[in-house]
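Below: one structure in structure tokens.
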Amino acid sequence: MAGDSGRRTDRARVTRRQFLTAVAAVGAGTAAARWLPGRAAEAAALAALRRGGTLRIAEIGEPLTLDPTATTADLTSTITLPIFEELFAFDANWNVRPFLADGYTLSKDGLRYTFTLRKDVSFHNGKKLTADDVVASLNRWGRVSPRGPSVYANVDAVSAGPGTVVMKLKAPFAPLLAFLALPNGAAAIMPKEILDAAGTQPLKQFVGTGPYKFVEWAADRHVHLTRFDQYAARPGAASGYAGRKDALADDIFYYPVSQVATRIAGVQSGDYDIADGINQDAYVQLAKDPRLDVGIIPGSFLTFFFNKRQGMMVNEKLRQAVATALAMQPIMSATFGNPSLYTIDPSIYPKGTPWYTTAGAAMYDVHNVERAKQLAKEAGYSGQPIRWLTTQQYDYMYKSTVVASSQLQAAGFKVDMQVMDWASVLDHRNKPADWDIFVTSHGFVPDPALITVFNAAYPGWWETPTKNELFKEFTSETNQGKRVQIWAKLQALMYQEAAIVRPGAFNLLEVSRKGLPGFRASYWIVPWNVQAVK
Amino acid sequence: MVQDAVRPRPVGAPARAGSGALLWRMIRRRRIVGVGLGLILAILAVAAAAPVLAPHDPLALDVPARLLPPGPGHPFGTDEFGRDILSRTLYGARLSLMVGVIVTLAATSAGIVVGLIAGTSPRADRVLMRVMDGLMAFPDILLAIALMASLGPSARNVILSLAFVYTPRIARVVRASVLVIASQEYVEAARAVGARRARILVRHILVNSASPVIVQATFITAYAMLGEAALSFLGVGVPPQIPTWGGIISQGQVYLRQAPWISIFPGAAIILSVLGLNLVGDGLRDFLDPRLRYS
Amino acid sequence: MLAYLTARLFALLPVLLVVAVVVFMLVHVTPGDPARVLLGQDATDAQVAALRHALGLDRPLAVQFVWWLGRGLRGDLGTSFFLHIPVTADILQHVGPTATLSVLGLAVALLIGIPVGIVSAVLRNSWLDQASQALAMLGAAVPSFWLGLSLIVLFAVDLGWLPSSGYRSPAGGIWQSLHYLILPALALGLPNSSLIIRFTRSSLLDVLGNDYIRTAHAKGLSLERVIAHHALRNALVPILTVVGLTFAALMGGAVVTETVFSLPGIGQLVVSSVLRRDYPVIQGVILMVATVYVVINLAVDLMYFVVDPRVRY
């Protein structure tokens, strides 16, 4: 649609809006900036790197799918990061930058986004990127992605114009661009023909616009990507997941290596260049190892989700009882080991970020067994076993469950710890009849609206009217200062209604071979602008 | 290790002697068997006395005391949750031994029944022995893993799977015994005197196959303990909350560099138990059937 | 010989049939509906029923078995639930490391077992003999995964001589491949060498006590020639039996060893398939391994002809 009315409205100043978003996430940037040298120096360093070779990355296991839209699994996001791109991307300070979009305009009432697309972008199959592809991709995201539907509930229409895509919302939605930039549950842009052919079936062809194209997925052996020679690099310095992406290595291999000791040993012996998912306990030893660089990625937090749709945990008082019984220090200590790698703090966002708040702190880390027993009694708890889903495939999940269960047993609760494989956990947690608590972790997200707890469709199903209203207020408010205030109320509500238990925040570890040229550790591994050694 | 050779007592040999005297004679002849027996008894005693001997509750977490090397208060050190390895190893003995013993009893009973039927009925024999051969065509662990996949992880299912896997060994031994005995003259003689065929067979067969069955059973206990350890190590055996030797070693794998003691002590326990069983089994076999002795 | 071979092959068939039945039943013993597992929890009842019909799951078990067997004989073992590739292809991809490891493990077991067994037999009752017997007993009691972990701690972590895990295909360089396979082969072969030691020793002793040996010795042949030419040939028959048994133990042991050393072989395939509830793969692997074992036993039997001309069936 031509979108005439859009053209007459004020051209909202993109730079200011971006600046505001930057301010919103600047604190996160201080952590990120730890490992970011000056831009000029980096550009020069980049120019000096040579092309060629193979980059070998050891991952925590075999991905369930290579469709980045259909899942929030970080493993999938990491492996597909070089293949697909989105309209926007986050830079190293978690600012939203236009990526496949050249820029955008927003109508004054905040309801109408017009994305202008770049003209030089091709897909891996040679086809040029058009607005139809973007519309098809966005619609699929709105249907299939764990994150999309909640956003699309607020979307009126999405339409293609000449070189533009227009998205009409029903109510203002401040975090929209953040949703469109996140590589997890991603609004990845793919060719319309491929999406039409796939329909409701899982994706079989992986064609994107990124610097590397998909070659082969040899199950249990590797995922092989190779340089896309016709890649249209975005001008502008590389930063985080945005900016210029140079495919220096000819090929990238992701290996599923389920044992962490094997991943570490592989980097030490030179078989791998980068290894993901390193256990925090190993930090002290690894930091001393002259063969390795250890990357520390802050901002993740541990979560125990309650089933608020069905079962005993629908009862808010019982949830509060469980939360009150738990002591965070032993849980975090046993799970992550090294005290420098975790923090016990009620704020979901770390100090230094604008989202930092201690709202709700009174209900965090109470560890009062008597009070917990009292609350349980009031809730009518009579010894039914609490079904807790966990897995040994993610070490931290199992460990935190063991400690928490033990504490709960000591407080008079009965816990039925169900240890299964991760795939089974994912399967069961979708069924409200099957569980009461499951454990997972959450990565850093620049906008709190992206946190899965608040998504009513995400397992846990937090759907109280108070929360829904407050969350709607949060997403439709465009003034940053007001948003921060509402966020404090949201965090307090999370503790008040005991939607989840959040024992604390922790840092993720990656290891890479010492001095790997161009490599910066990040949450989802960035393999472009990195020089291969072999 | 399949100890297939079965040669029942020759005609005329005494059907039984006082078992105590037998045992003593055996131990005196080969002292190494005494060592094996001593090991087994020691481990049984320790397992039985675990609640008394264990300095700590094997399930009790003590997070500030995590990953401590062996020392005062924790002779075997602690694991990543601060749980005492000595206590867990002691309690692990109970489960490992329990699995070993119950699997042996189950496999032996089932094997005797199958072997008796196969040996006495030629038609059943053809079918049953094919089935037994078929089951023995799988490597033990693989069959057990596949069974656990179907049944789900639990101590009960581990016992069922392993019993299923080891039954054919006993069945074959009993069957061979039956076939040989049934042709012996004294059976004819007994029948001539009028004793009922079934009673004769059962009595003589059971008595005469007792020795190879006992020998096999001893080895099966050893295999069952190793089998449970392997299944728990792979993550398809007993659920990880219950301390078993294989499970403790499995959880200690991540800490191999920082805390090797987690894996060392349960491993040593397995070795000692299996060694004891093998020594006794060997001794029994050498003693009860002189023709199998080689030195 | 041909008659013997044919007879043996025919005898194999019922065994393989039993194997097939057991493998088939393994899956159908499981609680839960494979069709629902395939489609996921969002599927409607109608969709599940349709898939059940398409897969033939609504037919009587016997019919399903015949179909499955028929497809299996043609090489079609179904499709992996998890990876969506044919099971046969999946298995073939993973066979290489397991085969290489098993052969190397057998080599280790034989290279250690036979010489030690011979020495023990010849130097009977000496301290060397006692020591090797004791070691053999100990070796049989050590779980191979524990041995593997200990070897890793010693050689990879402390000394740093060998890699702690991983696999390199022989196609990419035989020496590098061996470099990664030494520790796994040791972990697998050492416990299995004890049986070979004891069998070699005992059967050699048996033979050495025979008259014709003493005759040869009296005729002036040196001990070495006696052993090499006469004794060993006769002792080889029971040793061959043990080799066949050892190979079965090796295939089982490989499962655990592959997990410890992260080798992408059949063992790791089985374990991850079990964890993922990927039944077609589990069935396919068990069937394949059992068949291989049966065939190997047949090969061992046939080797008796080569080794001992007195053997006739």
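First chain written, first letter: the chains are A, B and C, and each begins at residue 1.
The rule is short, and it goes like this: a residue touches a chain if its C-beta (ideal position, glycine included) is under 8 Å from a C-beta of that chain, and two chains touch if they have at least 3 such contacts.
Values in this document were obtained by computation on a predicted structure and should not be read as measured data.
Counting C-beta pairs in contact, the pair that comes out ahead of the other among B-C and A-B is B-C. Central chain (C-alpha centroid nearest the global protein C-alpha centroid): C. Each chain gets a centre from the mean of its Cα atoms; for subunit A and subunit C, those two points are 44 Å apart. We define each chain's centre as the mean of its Cα atoms; on that basis subunit B and subunit C are separated by 22 Å. Chain geometry summary: the mean Cα position of subunit A and that of subunit B are 50 Å apart. The set of subunit B residues touching two or more other chains comprises 235, 253, 256-257. Residues of subunit A in contact with at least two other chains: 259, 261. In subunit C, the residues that touch at least two other chains are 275, 277. If you check the complex, the residues on subunit B that touch subunit C are 1-2, 130-131, 133-135, 137-143, 145-151, 222, 226, 229-230, 233-236, 246, 249, 253, 256-257, 260, 263-264, 267, 270-275, 278-279, 282, 294-295.
Of all residues in subunit A, only 259-261, 279, 281-282, 285, 329-330, 333-334, 337, 392, 395, 398-399, 402-403, 406, 417, 419 touch subunit B in the complex they form.
The part of subunit C that touches subunit B in the complex is made up of residues 14-19, 21-23, 26-27, 29-30, 124-125, 137-138, 140-143, 145-146, 149-150, 152-153, 157, 195, 201-203, 205-206, 245, 248-249, 251-253, 255-256, 259-260, 270-271, 273-275, 277, 279, 282-283, 285-286, 289-290, 293-294.
Residue ranges on subunit B touching subunit A, taken from their complex, read 59-61, 63-64, 66-67, 80-82, 153, 235, 239-241, 253-258.
Chain contact summary for the complex, subunit A toward subunit C: residues 62, 64, 218-221, 257-259, 261-262, 265-266, 269, 271, 393, 421, 423-424, 427, 430-431.
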